[in-house]
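In the two complexes below, subunit A is the common chain; its partner is subunit B in one and subunit C in the other.
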Partner chain A sequence: MSKRNNVDIISVIESKVKSDIIVQPGQLGTAEIVTSNGSYRDVIKAMAEADEKTAISAISGLDLGQNLGLLYHFRTSNAFITVRAEVPKENPKIATIVDLIPGATFHELEVADLFGVVFEGNNLSGHFVLPENWPENVYPLRKDVKANEVKLNPTKNEAKSVEDNKVVKIIIGPQHPALLEPEKFAISVEGEIVTKVEPRIGYVHRGIEKASETRSYVQDVYLIERICGICNAIHGANFVEAVEKILKTDVPPRAKYLRTITLELNRLHSHLLTLGHACLEIGYDTMFQYFWRDREPIMDLIELTSGNRVYSSIMTIGGVRRDLKETDIPKIKSTLADLRTKIPFYKHTYETNASIKLRMKNVGVLSREDALKLSVVGPVARGSGVDIDVRKDEPYEAYGEIPFKEIIYTEGDTWARMNVRMDEVEESIKIIEYALDHLPSGPYRVKAPRIVPAGEAVNRVEAPRGELFVYVKSNGTANPERVKVRTPTYANIPAFLKTAIGENLADVPPNFVSLDPCFSCTDR
Partner chain B sequence: MTNAITWSRVKSPWVIHFNSGACNGCDIEIVSLLTPKYDVERFGVKLSPSPRHADVLLVTGGVTKQCEERLKRIYDQMPEPKFVVAIGACACSGGVFAGCYNVVGGVDKVIPVTAYIPGCPPRPEALLDGVVKLLNALSPPKPKKKSKQPQLPKEEIKPEVAKQETIPPIEIKPTVME
Partner chain C sequence: MDKKRTLPTNISRRAFSSIFKKPATQKYPFVKASLADGFRGKQVFDIEKCISCGLCSRDCPANAIEMFEVEGKKRPLFHLDRCVFCYQCADSCPKNAIQPTSIFELACVDKSTLIMKPVPIAPAVKTPA
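Let's turn to the complex of A and B:
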């Protein structure tokens, strides 16, 4: 594992940008930098130059009444920086940062769609999250908009573009046998070679961020878990951690361990699901059935520990809702031991099987430079040799006390990304076993107040698909004022757009699945 | 002839799955159905890639405004007779997302629904139960043994049992959001 960079990013920023900034250490991550007069670009430029691992985590829009707030969240090698800028609501124009951080394209597009901020210099336009026939100049996340009274425009016929003779446009989705979820990709091909990919997300956009503003914090835990049915526990954990930061609640150690166990069980089933799904996409059905057969015992364990197969709903503000019975521990351990005996066979198959090698090796290669530039997260970044893992970088729950390896592959192809997940399955088993052996005694939850004092917090965790980010703002009432979730797949879309171009059309499905796309996460 | 068609339809219903705004919970449980532990193929159920070959449409998730048109189009593309199964709390009534600005509501606000399977998400066993109930509703009553030549039912049997099993859609007043 490579050494972590020791650059003190805050002093670098302070030395390079002297005027128009206020640094508030300890706020919203490592530090919050309040900028004015357009100095946010200087700050971001200074960060990008000082540390190659500077990447954008999210852009949160905020409705501040007269102004719209923009929070640019960045992760660097050893810090998490929030840069704050404001634009007037009357004329919400701000210069883009895509030229400094290319990975910011879609983050800006989302804020433009939901808040109506105009990013000057970002070439992409049009609806990305909202429906195609959403009325103009209505931005649902602004406070003065009654979004559920919005009437859609009548449906327009899709414009038929005049095609070049050589280029054929193939539309995949929204309903397609290879996609479990409704999303649209317009793929232009010249012969067999992909020349352009235009994504259109938003088919599963339910408006969870807006809905969470009208529900109480406790209701929001279950609402936010339902962003995604696969990695639900991590969404819940991420939100409750952010709220606990505002409340300054100390979670008992037993609860931390129990949360870690649930999160790792979640990761196990998610990774097995993807490993199987990738085999399905290359037409290797036998392996798909094997992976899914072995996933079922994990689902049974989730049911055993939480009472439900899919939605464990075990996270709550102040701890967990359910204790682990001593009598269940042997059952968990024996099931995990069974799974461990199967891993060598899987690894052997992934390494020697001709069809897997042909369809996955050297397919969708993402170089380390591109991975850094595009701000990708999770197994996609780790498969390209970028050592980012929130569990190591900024340990939460019990991860700081549990020894485990960070899995890095350097090939950057589909095969490497799948192997990162394969090895993480093994590490997850180790983490759960260690946590069960060292489970502290004591209470499993503390009482937390229902009313959260005014404040704001950011939190990030490592979901099965990569870094998951949440920003919570409280105004001192029972409901949050703003909740922003940036999910890992949203950050990984640019990687697919980059790697698909220049490759065979037939390689699109395995390459795409190797990102482990989850669009209910992406759209929210 | 009708009998033969009904027989083949019951013995091998082809289903198509459409996610109209679900969280993936129900969708993954549908895929679980196809895998060794639950193995819905033993009832002859096959996942069809195209709506034009499908008999049963499995819809998961409350319908988002972006998906509404598409769901209608898929329903129209299916050949008659067609059956729609709403899977999960969101597909039945909108569930936790009822009242969200981009959600129309349950599936029955857009297309007619034959059977509802509630749950968040419903267990694979519940899905199996729902599928078997739908198939039983389609199958003709067994011919009487009195005459040597069995009398074939002339009319096509409509899924009346499924209607009895139908859970009335719960009316949830949309939460007012400001």
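Let's turn to the complex of A and C:
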């Protein structure tokens, strides 16, 4: 596996697609490609053929007045490309790209739900994010819809279970099937074997993307942090980085290191949480308690550095909100050293324990080909041998200066995905220690203006669960015009739908938890 | 399974030896939790420093600060039931009139007790001439 192939994707596109495209380098990623007359499909096809790692990151919908804009964001081995297309609002029909990029299914469903774009050829239909009693022809992210004026229809009862001759449909959820978050899976089983999974999310959809349009950038940092409790710091960092790109603000080096430390503390506690949670799902409560016991000192470190054990609220446009005290560094180091001594025991248990082996090895195997095809991200992709990590591919903050290893497992099963996280715990400890040792002096924030000039930016970071993407569009006022967040779990759901099929019903929870799903993130 | 059973891993030994160790949990509320310096708890507001600029109210992401008239001047009134304790108000205040404390035990039965009204400036004690 070579880390990067050197395909110059932009010249490939320019040579293969002859007409109707404008390539604007440096905007919205490596380049932005403006298409017309349906040539977006040719561009996407050319990209998918040239590079096996071409995967969709997100589709951002935009309300442009007369038209609806569609921004298809793609990542390849060495670039991040945005393809722009437009459809008239009167007749918002566009051909699907699911046949070219199978991972785009749910991204298209979301845009269909929130903007009313019809993707011709995408077979899935119905609400995916919005509730079933949402009124017809009301698309919340269009500018003419006022969030507080929407009248919901009376609630209809959902079908509880459907039975024909052999296939039994079991509805799991929305009351907390595997984790303490609501989602629903309609699972068809033949005997014990799962034959089909239909997901439904949106039970905790809070309309954060819409709400952020009515608040100032300062307020939005806190709002967007609250997309997720577990990985809150990374959401904040992602948003402020995007705004800093529009503002062209240079963040001081000390702030970059302090952000890196907070983000890695966040990753540490998030990974320990999942490692423990996976043990709970297979009924191994002792190990679960051990992981969570050892996670607690990390939460204390977050409290020490930021002032709260969950919401660090430390990111701000132009830097961080508080400096790290010199006297706190020994405490952080000794806590991390403590955690490091426990890792061999965890690793040994994961490798040798009979229950863990029986319930995780060869459960939910996702092959490398499928992982690439379904555009999965983060530890799920790395557990299947796909070497993607935004920290390495497109270093942000201080990651470019800090040496660390990218963890890859090739088995692709639940066990491999958990072990990616296990090894990343060790790497995170190393990153924090390096950052503390090489902490630059100087200011930790610069003053940023409250009014952001008109412009747009995309940004992506590596959250504990994988690549997190944000698109921010500014119209020159104190409030953003559009904020689109694509969270890692949203990109990873297709992996579960693929791997659950053909396996036992009893393996659904551990398989699902191995994606480290977060529905608070997914629904936004 | 042809492989030897590996059941008595060192986890059972560890679990057993934990019986003789100090518990990992704290006996809250009998033992008070020790908080880190700089913990973001309930804020305190110093009306004497306030210049009624309203920046705290404008920047509050939770809309928890209302400008409330006290003796003819607008002062911040904190709805702590809505507050997310981000301390943006303390950051925005140009006069440092909002200061942190580590008070976190705010659970209550009546939410109205969480409204923190600005206390009028105490009349200066008249010194006898």
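Side notes on the structure shown:
Following the convention adopted for this analysis, the second predicted complex is superposed on the first by the 517 of 524 C-alpha atoms of A that agree within 3 Å, B and C clash if a C-alpha of one lies under 4 Å from a C-alpha of the other, contacts with A are read in each partner's own complex, and residues count from 1 in each chain.
By definition in this document, a contact is a pair of C-beta atoms (placed from the backbone, for glycine too) under 8 Å apart; a residue touches a chain by one contact, two chains touch by 3 or more.
Only a predicted model underlies this, so the values are computations on that prediction, with no experimental measurement involved.
In the overlay built on the shared chain, the residue A:V218 is in contact with subunit C alone; subunit B does not reach it.
In the superposed model, A:K248 lies in contact with neither subunit B nor subunit C. After overlaying the two complexes on the shared chain, residue contacts for A:T352 are found with subunit C alone; subunit B is out of touch.
In the superposed pair of complexes, A:E132 makes contact with subunit B only, with no contact to subunit C.
When the two complexes are overlaid on their common chain A, residue A:R322 makes contact with subunit C while staying clear of subunit B. Look at A:I230: by the touch rule set out above, it reaches subunit B but stays clear of subunit C. Applying the stated contact rule after C-alpha superposition, one finds that A:K447 touches neither subunit B nor subunit C.
Of the two partner chains placed by the overlay, neither subunit B nor subunit C lies in contact with A:K151. More residues of subunit A are in touch with B than with the other of subunit B and subunit C.
In the superposition on chain A, A:Y311 contacts both subunit B and subunit C.
Residues 215, 222-223, 226, 293, 296, 311 of subunit A lie at the contact with subunit B in one complex and at the contact with subunit C in the other. Against subunit A, the residues of subunit B that register as touching in their complex are 17-29, 31-32, 35-37, 49-51, 61-62, 64-67, 69-70, 74, 96-97, 99-103, 120-121, 123, 174-178.
Within the complex, the subunit C residues that touch subunit A are 5-7, 9-11, 14-15, 24, 35-40, 58-62, 84-88, 91-92, 100. Note for the complex: subunit A touches subunit C at residues 215-216, 218-223, 226, 286-287, 290, 293, 296, 300, 303-304, 307-308, 311, 313, 316, 321-322, 325, 345, 348-349, 352-354.
Of all residues in subunit A, only 130-132, 134, 140, 143, 146-148, 150, 152, 155, 174-175, 177, 180-182, 202-208, 210-211, 213-215, 222-223, 226-230, 232, 273, 288-289, 292-293, 295-296, 299, 309-311, 518, 520 touch subunit B in the complex they form.
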